[in-house]
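Here you go, one structure.
The chains carry the letters A, B, C and D, assigned in the order they are written, with residues numbered from 1 in each.
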């Protein structure tokens, strides 16, 4: 069966599922999203875009933004970043502060919140938050080839008002000297980055450089081949909080989820995939999105742990 | 450059390195091994075997045996195994008991010691240890196509005499009901399994089913395609203790290391690789072996996180 | 009101209470004890013995034995003991192994299980378990002035058969070199010590040296004044597992509880008190026993945290 | 020997000691204090005041203020406080955030920083910080009978500027709903409370209510007898961070230390003692102060764990 038919099946299956998980409630603005939605988009290495469901509806990308922010930060300071952030799975819940205490303010990886806050601190780079936020937005628009991508200021404000836990993390790392700018500026940058809104279509397009060995499909390099490979590795080992091992086991594709219900998944040399459904499972990852990716991987044979095969 | 030339370079580079890490001392018998040794063997999907250095010298496979033991246990009880062992990276040192306390006697994954002891308990299956040990040995010989593989009884006895930490782990899990047989029988099985001796050549041959989607190169299936893929996924996320993330980042290939200094690494559809050098780095993985795999991955382009490419 | 009247009231109140907690179930033999029992005995500094309820019924002293074992071990090796055991409250459940991992096999204090196992290792002193057990029994008989005190072999065997967690603790500490004898001999000693049976009367008498600044009421010193004071301090800060702070807050008297439902409490210069009721509260301490001591402390004014006052 | 002679000896011994510990450096203003100073003052139950050394020199009371703040908060909301703060020793370093994560934002006791921040939140009570700070200052002046006690604004500002760890703790507890006021107001109150300056003389006088069963020596009750007893109990079990057990073992008197180098110690019915020397030991408690109290307790026989005796 060809890819469009598989996608159509996945959309149909998603529509029929009754257990859709729970919409994230800790960011008030996100709690209002209708859980009945599901979208999917697949950008292939040969330039096709196959979509289904609510693939054009914007959603809050939240932690998926950490992939783009990491890419930017590596562009700024290169491997020096790894002196301030680790590369190991955390083995704990995504907002855990315990690890930070045991490891002297060095977060385990750039995809847990603490690590992403350090990355935001790097991206701030002595500028005002609006400068760093503007740079991030331009970068994502460039990756997706779509200037319509924007930040939802209501969501950003919603996080700013309730982000006590992130404030705790940031202050804690500042106590260890691992945050260099004032905490409110760093978190302002971070919350705006998380509040970027994209559709599945835009997100799948923005992820293409990671399937293309670091190259932009329109030409030129976004990152080196080695860096693209390493970002994919981090997505696989750390992209789904403390369910990363399970996602690797079931799906077998590097992916990064966000509490807005989106997941970006990369099949190197084959596809950049975005799925979205707002209900989350008990690990904080999109319930229908995870199931959709499992079905997609199963039917296409797309897994980094199997011999190369399947449609492309 | 072709693969034999790359292997020859790697052997030459290994010979010239001065910092060779530290030979494991906690198993007295292992501490006696000459750290000057280095071997490598690559079995390719198209049936070649390319070797170098001390590729025919036997060494204690130790934790690499966990891959074969897991394969056997899944054959016995299937996915029921996952009710007794998790699939997440541990985020802690390989012999950590903290996780067990927090998670009610369920080890995080089958590749940390506690998880491997549960797997040994499954493989014991009501029989005497010598039955289970015999089955394991026959299985490894069948995978490698080599009846010369044997257990080093001195090493097995050496572990039995000093394995207080493993005794602690096993008793602790028994207190939670997650070990079903008497602890000394389970550990007797486990210590003998770890004391299997293989050369790089034998190990690379034994790993071929994991590159071949679960099929034995001589014909027939060892495991299903789905199971092969999942074992590879576990090797990538959990195969190097709390340096698994770093190994994925640097090398990008599923691998399982042992304190004897060996590493088995699998490039799905391409190669089954064994390296060995007794000196360990600060994470307990072979120092030269890790560097050799990093060089091999870099020069061949073999990484599950890059588009398929390179020699095969 | 005088002390006999207070004791009579306490016995009456205990009889009328409906919530009696839960009898410990993890030692099968203890689970058979009738929860309807309650006993109390107070030995005063001026030589009186005031009793009530089931004060002559024997019960398993369990962890209360740790006080007598500690006294013996300090007699053997003095302050060298503190190189192998700490003196700080544990802040964790009584059988926690986490602390041991973080603190390199040195238990936090001699009253958590791990610490008591180290103390048993000291008391073993190169002899056979029956020698150490015999010495312990003679010591307790001497303290209480009662040769009728004995070990319940059924209880000892019951613990031996199910003590997987203690086996884990002991093996774990042996891995760090903090247990010197074979683990089964150490635990054999420990389980027999815990299986000593005493009545409240016997226990209150046995504790008199701790109220009398280290002196035996029949003459002579059991321990120095300084050592008696320090054992009392340890009972106050560590005697009730992770409810020690609450016991100090509510009752204000050094005490040591056991899962058999007994508590030994010491008012320096005033009284040695034993209470017993088999039902335990959520912290593993006798429910009625704790309430009885709280009432006794309140009505007598006996608290080490108030100006000296009250009967005696 | 009488008490004045003992105090004179202690002052002489302190003067001759060479290892004076290390002055706290994390609050810049405190790091400037001359480590050569030592003061002591003892207020007895019979109304004497015996002093020595730098007993009239003011120092930053820091965490000792937690005793007075707790007394105030209990006066405001009584035992409801214990729904928001525990009463158990922490078993961890004084600024640990791990415990908070494991226990859902409820600090272990009111004397670790997190607990003291909750107490400050209670004392704020809907008012502006200057109101709560004014109330605290009036309370301490009333206890000591000395209107000269003041806050060192430079120290308060010094903490405000660097207190990232306390900001982390406060935000973290706010995420759990256990801080009710804006974090900056709560910490403003807390930092000013810690910056109160007192001499040993003033501090010993301020502590008299705790030796006098809750009564002010000039007449009237500060707290009930029961509450005085309980505050003393908390000082004994939790007053010296994770060296509380050791302090109870060596000294045997309820005490509360501060990183300014002061310690307030209470012998119920006998004495209120203040010592001060700026150098800290490895647990963050005054090095000479701890030794002085150990000597004082030894020579007077003052210990809550010995039969009542010694001078008064």
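The rule we apply is simple: contacts are C-beta pairs under 8 Å (C-beta built on N, C-alpha and C of every residue); 3 or more make two chains touch, one makes a residue touch a chain.
None of these values were measured; they are calculated from a predicted model.
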(message) Which chain has its C-alpha centroid farthest away from the centroid of subunit B?
(response) D
(request) Using mean C-alpha positions as chain centres, tell me how far subunit A is from subunit D in Å, no decimals. (result) 48
(request) Go ahead and note the Å separation of the Cα centroids belonging to subunit A and subunit B. (result) 32
(message) So the centre of each chain is just the mean of its C-alpha atoms; given that, what is the distance between subunit A and subunit C in Å?
(response) 55
(request) Kindly provide every pair of chains that touch. (result) A-B, A-D, B-C, C-D
(request) Please give the residue numbers of subunit C that touch subunit B in the complex, ascending. (result) 96-98, 100-102, 164-165, 167-172, 174-175, 183
(message) Looking at the complex, which residues from subunit C come into contact with subunit D?
(response) 45, 86-92, 99, 108-109, 211-213, 225-226, 228-230, 232-234, 236-238, 242-246, 248-249, 252, 254, 268-270, 303-309
